[in-house]
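Structures incoming, each one as structure tokens.
Note that chain A is present in both complexes that follow, paired respectively with chain B and with chain C.
Showing the complex of A and B:
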């Protein structure tokens, strides 16, 4: 027996009507996508129960039994390292009466035992036993088939572990597509990979999840204005005028993922106000150029930001990595980590941990101003007439370039809204498709990314 | 939370206790009034100002809720604190204009002798902030300070702040605690 949400929703909003929410070619979109409760329910099904979502970094669970708990959409999941070194993920809910089986954020376990009736699950999800098991035995109960519910697929790229709740989702490599070429510039600089240092900082922002995701997918524009105070505090001057040098900067996107960046090597890193980190990246850059290529070596800590569709974002150089977990149309839970090169000296790792927290945590001098913007870009739409006013999303409408040889859809100039438009196009494609098979294939991978 | 405590027989006398309490109340009033530079002047040059984010860990785990070297909302020296103050003072600190209204309530003060001229001081706090029309956030916690005698007054040489929320139920933390 399986009762699917879709069976009880006669009102999914399908493609012809959905398309009235976006006129991306003309740079217009509706605010209803931030407000509408029905669209949010549909997002839980068609975005969050379908896409590959970041769930853990390899370094968080090095040993068998190491686990973390996190969210996929609003589904709480346990991600746990197996004895054979593989990783499994399960819904954090007992199949008997539904209670949470793991209440810790992280740890090491030989089993997960439910507090309610003592059902005990091995780290591979199998039901091992329970309190008063004789009572079950006498009724012919078969423990097989009563394990923790597994995620449909789990895979990783450069130490980043992703999972999907949809058995029909395309492979992770295909889902990330051309973004893998760029991810290597940050998560595989020297062939040694990255690790997360310190724990997770969590906070709540009363905003729609897409406002956070679209900010990191391509909003270089806000940096110079929103973060003027933070930049002056950290380095004594404002953010540079990023729009004045479009020849040295780009937006690229693929399958709704997007990265805006320039070629200044250390621009983001410099905002941490720590010369040792800048020196570290400058020293590393020629090696990265030799290993990957000159172009990507100039991205390793440059002024840039990235979102992997739908809700995972990071900042190269500032080394903050985060997920925006939806909690209804008007709230998110933000999970924040610091990532560093595994091969970096301990002192450098510690400087990055402190620097990223000082700038990009809820008390950080940059992040403080973001939350305020996203909350009020969400909450103004409580106004009945306000929510029916379209928004502008048309910056950089004619910036697509075809002759760079770079993978993905490339746009000249990082001060642009091309990636935001691609993000919302992907959102529209997924929201209007009843299955993965129906999702339009807009982006063709370049050979260079393989 | 940190239950460790200096022995009761090293408690300071009532006069000193009064002076220490007045120092903490004054500090709270400076923060409520956004007197950032005056507040910063209370910090010793070697200040370590630390507020770890607690994690939910099982009792049997060797890793506890509050651990050094992990995620923290503050893990600051004097330069870090002065950078935070510099942001609050920028005319372009948009999220501070109109200003947030703060009250820092300090209570449960206990003070003990430490090394010569230094005191370990425990206290509890409530920070209540209101912003705009209906933004109201509160944060409750316990602090352990190291106060040092300085020019007929005190300076703060170390502060550890233990908050209760493992998910900060607010978009930011735009004050000191």
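Showing the complex of A and C:
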């Protein structure tokens, strides 16, 4: 972009005023963060155009020219495998007159050709040629410098490919930080890695994106109430009383990422109602204990959930993986996949695909419960007086523990709102900072997990 | 050797089936299709593009790497959108280890110059 055009930007709400939205030490937060259009525009810049966002799984694009299209915030991007095996990402918009250049969700391409004026882009983003090239030649047009706009950085961890639109973002390893230690428990159980099976299931929920993200970052509390009927439908009994056994469960967070979990090995998996999957995890658990450690081997399918800040979430054991793409302050487009261990037998992979569809597709027994809650937690704030009322987010205010030896900020008891508070603290830190250099360094990766 | 004949070594042909050579008339694309040899101009007639960077489809079509248009290799006929003007073809003689490309003579199968043939338009 030329400097003259880059200078045109909106004035944002800066830190001192933003801080009035959160009083996390006292367990309070404003509802305006779910409703305010100006804050949403600021999120697009300071959260979604800045953070590392999940864009693809390695297994979706194995061969050169394989691509998927997805979103980074509201920016549509093409993620494409290169001839040298690396991965590149580009804005899915022609730099000539702005039309979308790739209309498919996934496929294999030798080039991307814009429908409008026939500009043709190589899989490395370079402008290869144009319709009526002689006319451009006669005006001295140089195709160099007119390629698809690349994402600023792209990298992967354990097969999960992330990209950022900010050239100044810290490396992915640092961004994920201590969460890598826990990610290994699910995405590196046996050294063979994971893959996505089946396609991508999409749906729209009329909720603010943060309500979905905060649910997966730490809300074990809702399971026993919201999902009681769903659990009875799937396995004939309700969700266990998680809050009565806090000694065997935790919340950990790192720079806004969060994972709530217990140590029951198979609790999430059991909710799919398929004993073969439970047997598979029980058989695998000793091997994971040998490879990683006993503690993490008891997380492989336990009652748990995780959000990687800002909008990527998954459930171990139920094996649903999703991104919550924002569509304004009051709507999200949810993209859902099923992940499995690459080394699992075909029958086991198929059982997980079915199980995750029964529970966490748009018509899944658990997904539907959540969607209605999040929609009404969003829509009530359309009320002028309602949106002035702040909300409680103070559960587990005294649960931080320091003697576990575990990386990250560790809290005892998964029925807790410590991770949600850390999520909103990170949100506040990013929203109030004009650049990465200004973002407060609250959490630094532990040596052991680097 | 005459300026009007380009002699090339078969060992210099790409295993991909299409190769680019420089000639007195500009770049030439030389094709090997199931043991038979053909030559055409290398530049696409639609827009600036090198056909030798394209792919051979259905055994006898060259697909332009820029817009995906296609030509029939033996005749030079324009087959698929957006190509309309046929390719100049050149007569190729197999001389054992080498190929002799006659820059002054069209291939025997060359289509009538100026013919347009667009599928699916």
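Keep this in mind: the second predicted complex is superposed on the first by the 439 of 450 C-alpha atoms of A that agree within 3 Å, B and C clash if a C-alpha of one lies under 4 Å from a C-alpha of the other, contacts with A are read in each partner's own complex, and residues count from 1 in each chain.
FYI, contacts are C-beta pairs under 8 Å (C-beta built on N, C-alpha and C of every residue); 3 or more make two chains touch, one makes a residue touch a chain.
Because the structure is predicted, anything quoted here is derived from the model rather than measured.
The partner of chain A that touches more of its residues, comparing chain B with chain C, is B.
In the superposition on chain A, A:226 contacts chain B only, with no contact to chain C.
Residue contacts after overlaying the shared chain place A:290 against neither chain B nor chain C. In the superposition on chain A, A:110 contacts chain C only, with no contact to chain B.
When the two structures are aligned on the shared chain, A:120 is found in touch with chain C, with no touch to chain B.
When the shared chain is aligned, chain C comes close enough to touch A:130, but chain B does not. Applying the stated contact rule after C-alpha superposition, one finds that A:38 touches neither chain B nor chain C.
By the document's definition of touching, neither partner reaches A:440: not chain B, not chain C.
Judged by the touch definition given at the top, the superposed model places A:171 against neither chain B nor chain C. By the touch criterion given at the top, residues 51, 53, 55-58, 61, 63, 67, 69-76, 80, 83-84, 86-87, 90, 92-95, 166-174 of chain B touch chain A in their complex.
Touching chain C in their complex are the following residues of chain A: 110-111, 113, 118, 120, 128-134, 137.
In the complex of the two chains, the chain A residues touching chain B come out as 103-108, 197-207, 226, 228-230, 232-234, 273, 333, 336-338, 350, 353-354, 357-358, 361-363, 365, 367-369, 371-375. Interface residues of chain C facing chain A in the complex, by the touch rule stated above, are 46-49, 55, 65-68, 82.
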